[in-house]
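All chains are identified by letter, namely A, B and C, in their written order; residue positions are counted from 1 within each chain.
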Amino acid sequence: MRNAARLSIVIGAAAAWLAGAELGMAGDPDGQAYDRIEKGRYLTTVADCFACHTVPNGGKPYAGNRPIETPFGIITSSNITPDNETGIGAWSDQQFDDAVRKGVRPDGSRLYPAMPFPAYTKMTRDDVLAIRAYLSTVEPVREPVKANTLPFPFNIRLAMRAWDALYFTEGEFRPDDRQSPAWNRGAYLVQGPGHCTACHTPKSFLGGDKTGDDLRGFNLQGWFAPDITGDVGQGLGQWSEADLTSYLKTGHNRITAATGPMAEEVVNSTSQYDDDDLHAIAAYLKSLPGQPTAAPARPEQPAMNAGEAIYRDQCSACHGLDGQGVAMLFPSLAQSSLAHASDPASAIRLVLRGGRSVATDAEPTAPGMPSFGWQLDDAQVAAVLTYIRNAWKTSAAPVSGDAVGKAREQLSTRPD
Amino acid sequence: MPRKLPKKDVVIIGLGWTGSIMANELTDEGLDVIAIERGPWRDAPTEFPTNYVQDELRYRIRHELFLRPEQNTFTFRNKIDQTALPIRDWGSFMPPNGVGGGGVHWNAETWRFLPTDFVLRTHLTERYGAAFLPEDMTIQDFGVTYDELEPHYDAFEYLCGTSGTAGNLRGQIQEGGNPFEGQRSRPYPTPAQKQPFSHTLFAKAARELGYKPFPQPSGNLSQAYKNPLGLQMGPCTYCGFCEWFGCGNYSKASPQTTILPHLIRKSNFTARDNSEVIRINLDRSGKFATGVTFVDAGGVEWEQPADLVILAAYTLFNVQMLLHSKIGTPYDPVANRGVIGRNFTHQTISSVNGFFDNKKFNFNPFIASGSIGMCIDEFNGDNFDHGPVGFVGGGYMGQVQTGGRPIQTTHVPPGTPKWGAQWKNAVRDNYLSTVTPGTGVHGSFYSYRDVYLDLDPTYKDRFGRPLMRMTIDFHDNELKQNAYLTDKFAEIIRAMGAHTLDKAYRKGPYDATDYQTTHLNGGAIMGTDPNTSAINRYLQSWDVSNLFVTGASAFPQNPGYNPTGTVAALALWAAASIREQYLKNPGPLVHA
Amino acid sequence: MAMRRRDFLAGTAILVLSSMKSRAIIVSGGLPWTPDAGSPPVPVRPGPWHYFTADEGRAVEALADRIIPPDPQTPGGKDAGCAVFIDRQLAGPYGRAEGHYTRPPFMPGTKQQGPQSADGPAATYRKALAALDRHCQSAYQGKRFADLADEQKDQLLKSIEDGKTKLEGVDGQSFFTLVIKNTQEGFFADPLYGGNRDMVAWKMIGYPGARYNYLDWVERHNERFPLPPVSLIGRAEWSPKL
């Protein structure tokens, strides 16, 4: 477990912040000043460079070589330690900025959007160079990175030019004058360094953001990263601001808990955000409107009856007879956006395989859920999920036995 | 030659309750700690999940979570002049195995001993005179008082979130609690569990007979709770699969729910499972431990050097380890010399089943928790005048039925055949309307010269070492105590409205095939005199000053209560002595 | 940490994992977890005997039906599957006395010292059933136990139970005690083990089965619990009825 240094940064008034953003190219600040490096360390945590650029469980920090699963194959992260030969030690600040905010390497070739430059482009140059300043202080590691590991035809980087033309809009975040400074800070963090859109925004079949559906959820790595707009049924509409800050900081709140890839995100990144930044993110996300969708299909009564029986006999042991769980321990299925998500992939996965929620210093319990895959057949899993999604305040589309069967097959090949 | 591992500050033998407590305390002190556990790692979602733990055959009848006698067992005889034979499958007790130890599958009955229990010989001699005690009774004072332990009892109860009603709050007797208990500094951290029908009915009957019933202190929580280490627990849902079973929904206090998730995150703590410590190693002088030798699952021997050794295994394994490591003088009952193995005790258990009219009474016995129950303490310890009755000791009694699992809870009225149509009809007619308290009478078991542990001359374990031998039988004192208490208990069951009682007195000889709780104690007892105790009042070995021995092996005799509360309080007390005294000045803490 | 899924022979109910077969692990930093971890039970599948010969199976079915006779409301031991239960148990680790201390010397002891035989339950059944049938054939004109009339069976069993009739080469009394115990275990255990078919025993007594949450019933005193029993492998209501 890596303990990043705790950092407290005082966020100045909006004017000061905006003034800082307008610095632009004029006079890049001194890369060795202590304040700058600390700012860089914080922003590196926010951008979570560590997660993708470090092999889990003992890899050298930022030395790359971590395989990252994408819908197009496995891609391997690069070494971003200051090693001159195998890392980025020899890069200029401009080259670093171009990579992070334009997706272009020093040799002109394009980065794949597994590196979330479509999000990082919104960062200010000052913030990016602060990150650079911090990365220059980490231990240089001589670690050559494996060559392009994507399968054909995705290994043709030249194709990225076309992709960029379709899906990449370069440009810094523009604050909205009608909104508060906190809202703008939240928007900046979510759209920029936090790169929440990388997992939570639906993508086209070529992997570009469907920006009209920003943050409405996306299926990746065998999970559905849920809707995190303010939608009442699918998103965070039932969460208070305190619920959201608690979730990001500790991995848990009275409704739900982080698991799967989000667990890693909480441990490495959001649990170390400033409280002010957490409030800003909460303000921004909750302000995003829900999308009026057609009422979901009504569930069939046989499925509801069967699901109710299974729920009472099994799930109620932890999730309670009323579906409300136990705060900070067992998620409230009645209110869980993950359980009600339009794409039930995460819910199916948890029922079939079990799961464990994240442990943080503030919430170390990390309760586990058993696997039900051996006990319930596809129709039964579908029935109990249909029941859970429709028994209480909100409704969601029924789950079919076929969907469960497909998921069971796909999951059986996953190692994680 | 065992391979040598890098040295640690502390090695802890066994990762059950006391191992976890000691590990947490000593890592907080900044020490580098390793715990070596003979059995497997255990966790709720994988080893006892809510979707298959409710399996009576697997976990109670075939006792899957427990140690296999093939791995380690004992020989048994009643008297010194008999030949001891191996306990080939468990009967009267069932030793734990695995991370969490007995803390995984206990009932979570969380009692404190009485203040007089700690100074038993002094107190009884003062009140009744030395001649009142049997000549071969070897009870002793603990060497530590209730008041010294009180803050540690309190700390353990708050660690667990124990649910209860205080009876004596800083000297003020409280309505609804146990009026006989020692004074406590704070109320319980959560309120008492709600009681099902038969338990409530028992309390009503007891009250009408003039007793003061109170809810059994329960480590199955009445509500969600966050403990001082930041760990979350949920409310007990009365599944009725408590003792013998792990808890699947984080509502039973155990090392897994109250300590381990916090402990495991510390960079100065490591646990090794499936590794059996076979010896504590000593230096040439024999007065100082250098570490331990253990065997991993592949049969390979390793040496773990350490500056401080904590022997935190179950009672019997503590004593066995000391004998095999040649620490302390083995007890010789004939010569009445030596300390390792003396003052071995169990518990004196009996019950009374009550059969009720099934048209008027429906008890839903399957709705229960492990520590549910309404109890009375009028007949425990020295809470009543023993002069007229001719014995000492006693126990709490109560309707403490913990479930209605059908293989074991299909009782039939006395005289019913054990099989056939009559049996079947009786089972059908009585299941829902029978009160079967289980450990309804939970009496003390005092210590005697001829009840002890030593090494067997014939039978060997898989390493070729002698098995440990138990010589244990009931004495008249305990049988009298039990008969008296059982009769009192029967009166209350009758007063509940039972039409037929089945009184099962505890009778001798001690039967190693009949389950009587796993509250085995003694063998490495604490005390103030190194001639009659193995460890001092801080649980530090008199012989090896960098060895501490936690567990019920420390009890010089067993009062009429479940042991875990006191086992944990003593461990916290010992940990405090290590942190506040020993580490600053390693060496004997008591000079006798 | 990976928990091995245990491979079962079809029909063997439980495999006791001796700790000597497990890998040792070092745990540090966080609680281990892998998907699908744990060892869920594997249900017994109906089919031919795994341990009993045809004669032995018939004998045990007959015994089960005397220990738990059929009546109009509830099936007897045979139809409830008790003999299947016993067969599968004897074919598995229970039958082999796996995990018991089986080192010599074997010496007879007191009742309080417990069984001191080298034979596990499976071997005991084999010997005793043979002795039982031999006894019947000699005492009842060539008939095996299963062929006797019910009254004759009951009489004989009572006599064995009381110690009046001895079986050759085995302790008939303790064998009968064992059969009673195993039959009643099979009757009341979860149906996945082969007995208590369709939860008939649980329905008979009003036991609701493998449930976990009774919080809404703790204080409903003296009321009949209304939900039907459920096994670890579910109940009929779990599957949507179309």
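One rule holds for everything that comes next: a contact is a pair of C-beta atoms (placed from the backbone, for glycine too) under 8 Å apart; a residue touches a chain by one contact, two chains touch by 3 or more.
This one's a predicted model, so the numbers in the text were calculated from it and none came from an experiment.
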Comparison of A-C and B-C (more C-beta pairs in contact): B-C
Geometric centre: closest chain by C-alpha means: B
Mean-CA-position distance for chain B and chain A (Å): 48
Length of the line joining the C-alpha centres of chain B and chain C, rounded to whole Å: 30
Chain A and chain C: spacing of chain centres that average the CA atoms, whole Å: 51
Touching two or more other chains - residue numbers and ranges from chain A: 1, 314, 316-317, 354, 356, 359, 366, 368, 370-371, 375
Multi-chain contact residues (two or more partners), chain C: 29-31, 33, 37-38, 40, 210-213, 215, 232
Per-residue overlap in chain B, given as positions that touch at least 2 other chains: 43, 45-46, 49-52, 235, 237, 239, 248-249, 261, 265, 267
Complex contact set, residues of chain C against chain A: 29-31, 33, 35-38, 40, 210-213, 215-216, 227, 230, 232-235, 237-242
Complex contact set, residues of chain B against chain C: 38-41, 43, 45-47, 49-52, 54-58, 61-62, 64, 68-71, 73, 76-78, 82-83, 85-89, 91, 97, 194-197, 200, 235, 237-240, 248-249, 260-261, 264-265, 267, 269-275, 296-298, 361-364, 366-367, 404, 406-407, 410, 418-421, 423-425, 427-428, 431-432, 458-460, 509-513
Sites on chain C touched by chain B in the complex: 1, 3, 14, 16, 18-33, 37-38, 40-41, 66-69, 71, 73-74, 94, 97-103, 105, 107, 109-116, 154, 157, 161, 180, 183-185, 188-190, 193, 201-202, 204-215, 217-219, 221-225, 232
Complex contacts: residues of chain A adjacent to chain B: 1, 314, 316-318, 326-330, 354, 356, 359, 361-372, 375
Residues on chain A engaged by chain C in the complex (per definition of touch): 1, 300, 302-303, 305-306, 309-310, 312-314, 316-317, 320-321, 353-356, 359, 366, 368, 370-371, 373-377, 379-380, 383, 411, 414, 416
